[in-house]
Amino acid sequence: MADSYTDIGFAKLDLSRAERTGLPETIFCSGKTAEQLHAILTAFGQRGCSVLGTRCSPAQAEFVIANGAKVNYDATSQVITLGTPLPAIAGKAAVCCAGTADLRVAEEAAQTLEFFGVTVERHYDVGVAGLHRLLSKIEAIRTADVIIAVAGMEGALASVVAGLVKSPVIAVPTSVGYGASFNGLSALLAMLNSCAEGVSVVNIDNGFGAAVQARRILQLKDNH
Amino acid sequence: MADSYTDIGFAKLDLSRAERTGLPETIFCSGKTAEQLHAILTAFGQRGCSVLGTRCSPAQAEFVIANGAKVNYDATSQVITLGTPLPAIAGKAAVCCAGTADLRVAEEAAQTLEFFGVTVERHYDVGVAGLHRLLSKIEAIRTADVIIAVAGMEGALASVVAGLVKSPVIAVPTSVGYGASFNGLSALLAMLNSCAEGVSVVNIDNGFGAAVQARRILQLKDNH
Amino acid sequence: MADSYTDIGFAKLDLSRAERTGLPETIFCSGKTAEQLHAILTAFGQRGCSVLGTRCSPAQAEFVIANGAKVNYDATSQVITLGTPLPAIAGKAAVCCAGTADLRVAEEAAQTLEFFGVTVERHYDVGVAGLHRLLSKIEAIRTADVIIAVAGMEGALASVVAGLVKSPVIAVPTSVGYGASFNGLSALLAMLNSCAEGVSVVNIDNGFGAAVQARRILQLKDNH
Amino acid sequence: MADSYTDIGFAKLDLSRAERTGLPETIFCSGKTAEQLHAILTAFGQRGCSVLGTRCSPAQAEFVIANGAKVNYDATSQVITLGTPLPAIAGKAAVCCAGTADLRVAEEAAQTLEFFGVTVERHYDVGVAGLHRLLSKIEAIRTADVIIAVAGMEGALASVVAGLVKSPVIAVPTSVGYGASFNGLSALLAMLNSCAEGVSVVNIDNGFGAAVQARRILQLKDNH
Amino acid sequence: MADSYTDIGFAKLDLSRAERTGLPETIFCSGKTAEQLHAILTAFGQRGCSVLGTRCSPAQAEFVIANGAKVNYDATSQVITLGTPLPAIAGKAAVCCAGTADLRVAEEAAQTLEFFGVTVERHYDVGVAGLHRLLSKIEAIRTADVIIAVAGMEGALASVVAGLVKSPVIAVPTSVGYGASFNGLSALLAMLNSCAEGVSVVNIDNGFGAAVQARRILQLKDNH
Amino acid sequence: MADSYTDIGFAKLDLSRAERTGLPETIFCSGKTAEQLHAILTAFGQRGCSVLGTRCSPAQAEFVIANGAKVNYDATSQVITLGTPLPAIAGKAAVCCAGTADLRVAEEAAQTLEFFGVTVERHYDVGVAGLHRLLSKIEAIRTADVIIAVAGMEGALASVVAGLVKSPVIAVPTSVGYGASFNGLSALLAMLNSCAEGVSVVNIDNGFGAAVQARRILQLKDNH
Amino acid sequence: MADSYTDIGFAKLDLSRAERTGLPETIFCSGKTAEQLHAILTAFGQRGCSVLGTRCSPAQAEFVIANGAKVNYDATSQVITLGTPLPAIAGKAAVCCAGTADLRVAEEAAQTLEFFGVTVERHYDVGVAGLHRLLSKIEAIRTADVIIAVAGMEGALASVVAGLVKSPVIAVPTSVGYGASFNGLSALLAMLNSCAEGVSVVNIDNGFGAAVQARRILQLKDNH
Amino acid sequence: MADSYTDIGFAKLDLSRAERTGLPETIFCSGKTAEQLHAILTAFGQRGCSVLGTRCSPAQAEFVIANGAKVNYDATSQVITLGTPLPAIAGKAAVCCAGTADLRVAEEAAQTLEFFGVTVERHYDVGVAGLHRLLSKIEAIRTADVIIAVAGMEGALASVVAGLVKSPVIAVPTSVGYGASFNGLSALLAMLNSCAEGVSVVNIDNGFGAAVQARRILQLKDNH
């Protein structure tokens, strides 16, 4: 195991992660100063690494761009990327979400997948309150090798989708809702208790984590 | 308001409840001794009142029967009744449940309704993991004036049904599940956060409460 | 089932909801950008649909009005409406609340009902701390076909009202309170555990949901 | 401060508590072996102290009686006492409870008060589901100098009583209920959030603690 | 029971509360608009009632003063009063708090008591981390007829004080702390579980509620 | 979609699940009576279906065997199977667990996988308290196409493994632990918050669910 | 690092733990079958290792003794040991507990320390409800190099002790209590929020963990 | 025991704490006004005491400096100090943290230790997602007499480190994370449930508390 990293004072950049886990280092931008973010991006850039950051606020993005970082930034998903996307791999992921309020999380998943070389089909606003919307898309969803289901409130989308497909479903509870949603707890618990098989769950609002898991899964299709 | 009651020492029997709220007093048997239950049933019986008890254990039922109470007891629902059912009223209720483990609660609802004079249609084992089971019944469910949806685990049944019908849905979360279902909390939160309109919720495992609420609702159809 | 919707990019507008569930689509404005809200309202308006939005902030309302939407906006309830109200239906709803701090939620319920064609009687500030206020109104409350009880803190209003009437009570816990109210959890739990029969509960602060449920219930009176 | 105690190996008996706090040591029997309980009772008895134990199981009581302890035991309240009650003091306490399932806790409070020399009036089964039962007793309750309100489920009794009287109300939530009562949490939170003034709360099922607090309060009437 | 109130549109002012419960109406200012607060104060003022408000923000106070209300406002306690204090009653209350961060709550209790005619002794910054500070004051604290113990974090002050005195202790958990204090939950639970007898508890940060309870208790000394 | 099922009164057996989702119906035995379990197994057996049940108690197993069902039962995993396993598929799964107390859950996962035609490698007792045990196995674990990580207490195994491999990790929190493990909550939260990428989570103690998800994932390797 | 272990099928015995962490492997007996426990003890015994087990039920102990294991078993602490204790080290630990109900946990700590070569002083039943008991012992407690404070309910003992001594305090919350103690949660939160410095906390009822931490700390005195 | 303090009106400064507990008084700046902070610092400064404050906001620091206090302030750790550090003591502490987002808490610990005379080695960004980073530092970490492990999210760092060293580990959960980290709850629970021995835990984000505990522990090395 070639285990190397670069120490830039306040952080140890994990340069061998790609070799070890198949994907490059990524950055959780929230809670970092714009200066720290810029320094980390610069260090990766100087080594020619591609890198992706999530939860990048517009202010952070503005700062790193103003200071010369050659990044792409998408305000809906709050995803920032540096360098070229990974080469395309075989297979296809579907990203489904229940409502328009889930867009940030769904797009975080979709854009992460695309930067990691995965073909993505989006099926948005297919929440179970109007089941016909989901059913009208289900044949398309069934063609995906892996499915990410994003929903807040009661999070029923994951169960309903998983009962209708053969592919693995990665469920992403979102903090969409109020009151007894307890910032996503209701959707999280619902997804963990799915009566349908084939659902595994990531953290609340963690579209990125779902995308990485989907990418790891798609390697099985690719690696032979 | 004629507010009368009978004091039998450890309890005040609410004899005017029927006049005040439209339904007779009922008994939550759990936590009462078999002797207390017998005394309460006897007091009502002597006054010619019909009365219904829930969560009556087989041991409690055996005791009161052995001591001469003229009751009917159903082991599945744990419902015990004394006296004649209420006269039939107009309208129809549907009781749906997600899985066989929800039967006790669903039957508590159904048998309470029937004792209170309501026509009931049962649609059991229609959980969303196999959506076709629910969809095959949905036209029948739509004919009901009020619907009781009973489900544990992620409790998605309430949302999915409510999105497909025009009638009010009374959701009953059950403690069916394990781990992160936290004894029904996951289903409760999911039902409270239903993305579909037309859902209101009663306590975990409270089939009786849902039945009473459905009965109150059906009075609107009856009372004109 | 005629299941149609219009896709406006980030949302699928459910045009057949009225046919399916009896009520038109509504909008949860919170968490949407003012631009998204305007686009949705415009799409419905162009199709001649009536539509109602809740949790519409003054800033959102100002934006959509400034951009030409023909809406009505009420700052107390944060309800925004477009188009004509639904035709009046038979029956009457009562909206009760415990204190002045519950006004936003109570008015959300009342104005939603009125837009949906329901006659509403308001009984505000009738919390159980001064029981005579409630008792002085109870005869009027008893004349309602369905009752919405709105309360924060210990939420006792729902139990007390339900014990005094024959109509179904829809309980709305509010986030009014502090400390161990845990943003409405105490009222929510209290209402779910009502010792009085005839109470079902919606999400914390969900005056809208209570109104829709009441409207569904009143259909029973209307539809014959 | 005369601070003395007796060390009996596994416990230090606080013999000066009466002098320091006005009441003798008491024993929480649950979790102690019958042997330990017997040893503690014996040690107090040999010093001529009166002592009261709570949560004494029938098996524990049987053991200590069989081993010669001169105790009184009440199975309903699970209270065990040794020696003579304290001298009577001025004033009067009312113990109210919502339902028959609250009897153990209510009697624990009442019998503790009586052993500590307090006159007690019991008002049982006056829960708010049938408000007329409470209102028929309220004049009597108003004559008490201190009121203990015992209730499970939604615990509304404390708020309603406190809004109708001038005396301090000590609220005792009980674990009576199921599902979302979460073993008394719902009643506890409700009582802590009482919209009526004049309520302070003790632990779930802690009838004893309420009695001690009531006794401390009644000292104000006595000590002048 | 003379049960009267005045309806000012959005609120029903409880004018007979003094007769019913011994204390005048009070106002929880938080969550009310400055205009609502002003209207309520004005209505009471016009009837010559004394009234006390808690959680009054500086901005609210500024508004009502600027609009002519003859109030007193204290920024530390956020207490606002209108009219003359109640006549002095017999007895004395002690208000103890653990640290300087508890001052707002402690002063809310102390100033409420003083407005209600109670003599108050303050013992601040006597937390158990430096036990000698408390022990140096304990003889003075023992002279009080009722004691209010205010503490955040682990809330041990209530237990320690109650073990050293004969008077009833009203415990007020505060939201002082961070992390696992969960906004006062740790102190609340600790106080509810006090191993010392003679503690009853009010809501987190509810200095006012503790004061009212203390005032009710002191009536026993006064009323004979 | 061929959506058929068989109604055996208290349950609707989902006979088309294999076609729809790729795997046959399975049975959660806990909470079913032995008679119900026997009836369900018989119904599947008569149709020649293979079926797998989890959480089958020894008593349940004994009953169904005594009544003639041709099942295999494993007491460690509490897995019961009827009929022939599914045909072997390509790829390999690793099942890792932290300690011996996690064996039931780990074996539930492993035996489910084997019944579903998957090759399994077991790596047990590799918890992070003795990291060398895990590191000595890591090369073998890296050869698996999908990894199931089973751990209770602090659940760190999932994070550590996921940081060392390229394959997707399905994390199964277990209820192993006591006190602040809160029946698996601590492990669940830890796994949801994994700082390492490539972890998705199923319900507490849900070895079965992890196995199904792994099986769905392995289809990607198989289906081309 | 010499990292070796022995694989006995269902467990990997960590034979190099002593070298790595300074203490031998220990066994958490709860949740293991008596047979598994016996096998583990035997494996260690055959290698001449000393080993200590906690939470060993009387039934487990009886089984392993009946099958020839040369163990010592203490029923109060539920500690079982095999082989000779570790050599005595310098320094002294104090184990304090609040009440007699905390004895099992306190003795688990004390006997673990003694098996690990540490001199222990016990100060039991020194809870803060009778502060004089603690103060009478405080000079003795001050002479200890490390202090373990064991308490349930409100857990105030840790704060009070830590404020009076210079040595580090290891706090052990216990599940002693009922109702709002939530099985030790109240004591746990209180100890984590100690207003006194010098407190760190282990899991609820984890006397063993506190002992190991105390032993690691005492090494500093020993190792020079 | 020389127990003295100075009363500055709103606070009692504990001047004898150094004598009693070995360390001077410290200040939790959060929640104090800048004026209160300045007054406390001035009072200590006039008496020649060294004092350390935590959670000092830049605005607070600016105010006290502008008003003449001779303090040192570090913006990363939010630590403010007045006067000379304590004399150096024997031994060495290691402060490890999982990621850059944990820096504030880690530096609070490190700088507190240094002000209290302790030699500190920092090992930052050694989270378990890239285990090689930690393993490359482990020999250095092993040379420390006491180790502080700071981590948010799943908090696995504490378990992994404790399993690899002989020294006591003080674990500090941080609020780093989102969603199901519940502001540090996940890390807190994980650390309390560490499967590795030798971990005790302080409050979420309490770097200061960990440092004090480490300093108390190091006294054992120093005091002989």
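Letters A, B, C, D, E, F, G and H mark the chains in the order given here, with residues in each chain numbered from 1 onward.
By definition in this document, a residue touches a chain if its C-beta (ideal position, glycine included) is under 8 Å from a C-beta of that chain, and two chains touch if they have at least 3 such contacts.
Just so it is clear, the model here is predicted, and its values are computed rather than measured.
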Minimal step count in the chain contact network, chain E to chain F: 2
Neighbouring chains common to chain B and chain F, by label: A
Reference chain G; chain at largest CA-centroid distance: C
Relative orientation of copies chain A and chain H, as a Cα rotation angle in degrees, nearest 5: 90
Approximate Å spacing (C-alpha centroids) for the pair chain D, chain H: 44
Chain centre separation in whole Å, for chain H relative to chain C (CA means): 50
Whole-Å gap between the CA centroids of chain D and chain E: 26
Chain B, residues touching no fewer than two other chains: 20, 99, 129-130, 162-164, 179-181, 185, 188, 192-193, 197, 203-204
Pairs of chains found to touch, sorted by chain label: A-B, A-C, A-F, A-H, B-C, B-D, B-F, C-D, C-E, D-E, D-G, E-G, E-H, F-G, F-H, G-H
Of all residues in chain E, those that touch chain H in their complex: 99-101, 103, 124-126, 129-130, 132-133, 135-136, 176, 178-181
Residue numbers on chain C that touch chain D, as the complex places them: 98-99, 127-131, 153-156, 159-160, 162-164, 177, 179-182, 185-187, 189-197
Chain B-touching residues of chain C, taken from the complex the two chains share: 20-23, 26, 91, 145-146, 162-168, 170, 188, 192-193, 197-204, 209-210, 212-213, 216-221, 224
Footprint of chain D on chain B - complex, ascending: 1, 3, 5, 10-12, 14, 16-17, 20, 28, 30-32, 36, 173, 175, 183-185, 188, 203-206
